[in-house]
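A single structure is presented below for examination.
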Amino acid sequence: MKLEIISFGKISEFIRQQQIEISDVINTDQLKSYLETSFPQLAGMKYKLAINQNVIQSNQSLKNEDKVAIMPPFSGG
Amino acid sequence: MKLEIISFGKISEFIRQQQIEISDVINTDQLKSYLETSFPQLAGMKYKLAINQNVIQSNQSLKNEDKVAIMPPFSGG
Amino acid sequence: MSEKKLKNIFVKGAISPGFIADSIAKHATKTAIGGHNIFMGQVRKDEINGKFVAAIDYTAYEELALTKMDEIREDIFAKYPLNCMHVHHSLGSIQAGEICLFVFTSSAHRKPAMEACNELVERIKAELPIWGKEIFEDETHQWKENI
Amino acid sequence: MSEKKLKNIFVKGAISPGFIADSIAKHATKTAIGGHNIFMGQVRKDEINGKFVAAIDYTAYEELALTKMDEIREDIFAKYPLNCMHVHHSLGSIQAGEICLFVFTSSAHRKPAMEACNELVERIKAELPIWGKEIFEDETHQWKENI
């Protein structure tokens, strides 16, 4: 499965925008494990995923070409 | 006793600024009765007195040359 | 006995957007401020018994209002950690659509500015001896009452 | 499927007092309005471990932020009887003392404008994907966190 990864804030300093090609990952819980293994700095951080501009509150299945945003806590205003 | 009367808002339309000379009036309760008799329109209205720029909450004695303000409910803002 | 100099809150006529902008701009050097709150009262073109309000003519017992405003200012500064507080109220005839009250509070974090501004507006309306005469388009009038 | 046009809240750089004045002035024709409330966020020159914040550099996930802001706007209009609501947030580098957030609500009577403004600011801070990078005077940085 091919995913587009975008990241923001502090996380954008160590995960850049990229396309990834992964197998054995079919949902967001698995994707989180994959990301935390690939980018160990992410493991200790609070972050949320958005899939195709929907913020994920609980585990959700993924499909090819989904756009995944990795977002640290918001700090606007 | 000589009192200076000033008035505001709706009340200023029927009680103009004036000096009054009264006897038999030694406190604000008596003054109110005097005013409501002299200006019958006042009797049915809500109003407050201020004596020398102090808003009167309960009966208070008066002295010569006090400045009495007659004020309808406030409507600023 | 020292006479305390009272801050004047009254302005003749409407409060202009330019005046408000200048007031905001003056705070750019106050870099401890993180949040500003502004309340503005605007004269409504209310319809009352088929007639429209064209303007409100404001008068005040100015000396007493300034003394009272001073008390309110001290209470609010004692209660909230504010960096700044500014209050301006119009006197004279203010047309519908124009601004007659401008309350501006600033603090390091947003909550005190917001809460202080709200409390200031409540107290200004309830406690300052100011009266508004609603002037209708046909030049008749009625005295405004704060509900 | 019709694509809904999202209202843009983002402005490049600081929000100027003149911009705010123009926004206020535009409401003079809206004579049903009796009360306006404005909240402004200003960049604080905070001292953190002996270094001063010189600026905050704001970035956002813009598409998601605008979609979310649209939801918030609809919620707030459904909850409060507002005549107007305007939200502007800066992107890019905003110097200490400059304004980075401008929230403006108007209603016939004062309470809805005040309450809606307060709730809007809370939700903007909690729900919009915007990030502030605090730039210190020595050009090091740290990422801001809303408490």
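To keep things simple, chains are lettered A, B, C and D as they appear, and every chain counts its residues starting from 1.
In the analysis below, a residue touches a chain if its C-beta (ideal position, glycine included) is under 8 Å from a C-beta of that chain, and two chains touch if they have at least 3 such contacts.
Model, not experiment: these values are computed from the prediction.
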Chains touching both chain A and chain D: none
Labels of chains that are neighbours to chain A and to chain C: D
Averaged-CA centre spacing for the pair chain D and chain C, given as whole angstrom: 24
Separation of mean Cα positions, chain D and chain B [Å, integer]: 50
Separation of chain A from chain B, taking each centre as the mean of its C-alpha atoms, in whole Å: 74
Chain B and chain C: spacing of chain centres that average the CA atoms, whole Å: 27
Multi-partner residues of chain D (each touching 2 or more other chains): 41, 121
Junction residues of chain B, two or more chains touched: none
Interchain contacts, given as pairs of chains that touch: A-D, B-C, C-D
Residues of chain C that touch chain B when the two form their complex: 41, 58-61, 63-64, 67, 89, 100-101, 121, 124-133, 143-146
Of chain A, residues touching chain D in the complex: 6, 8-10, 12, 50, 53, 55, 69, 71-77
Chain D residues within the chain C interface of the complex: 17-18, 20-22, 24-25, 27-45, 96-99, 106, 108, 110, 113-114, 117-118, 121
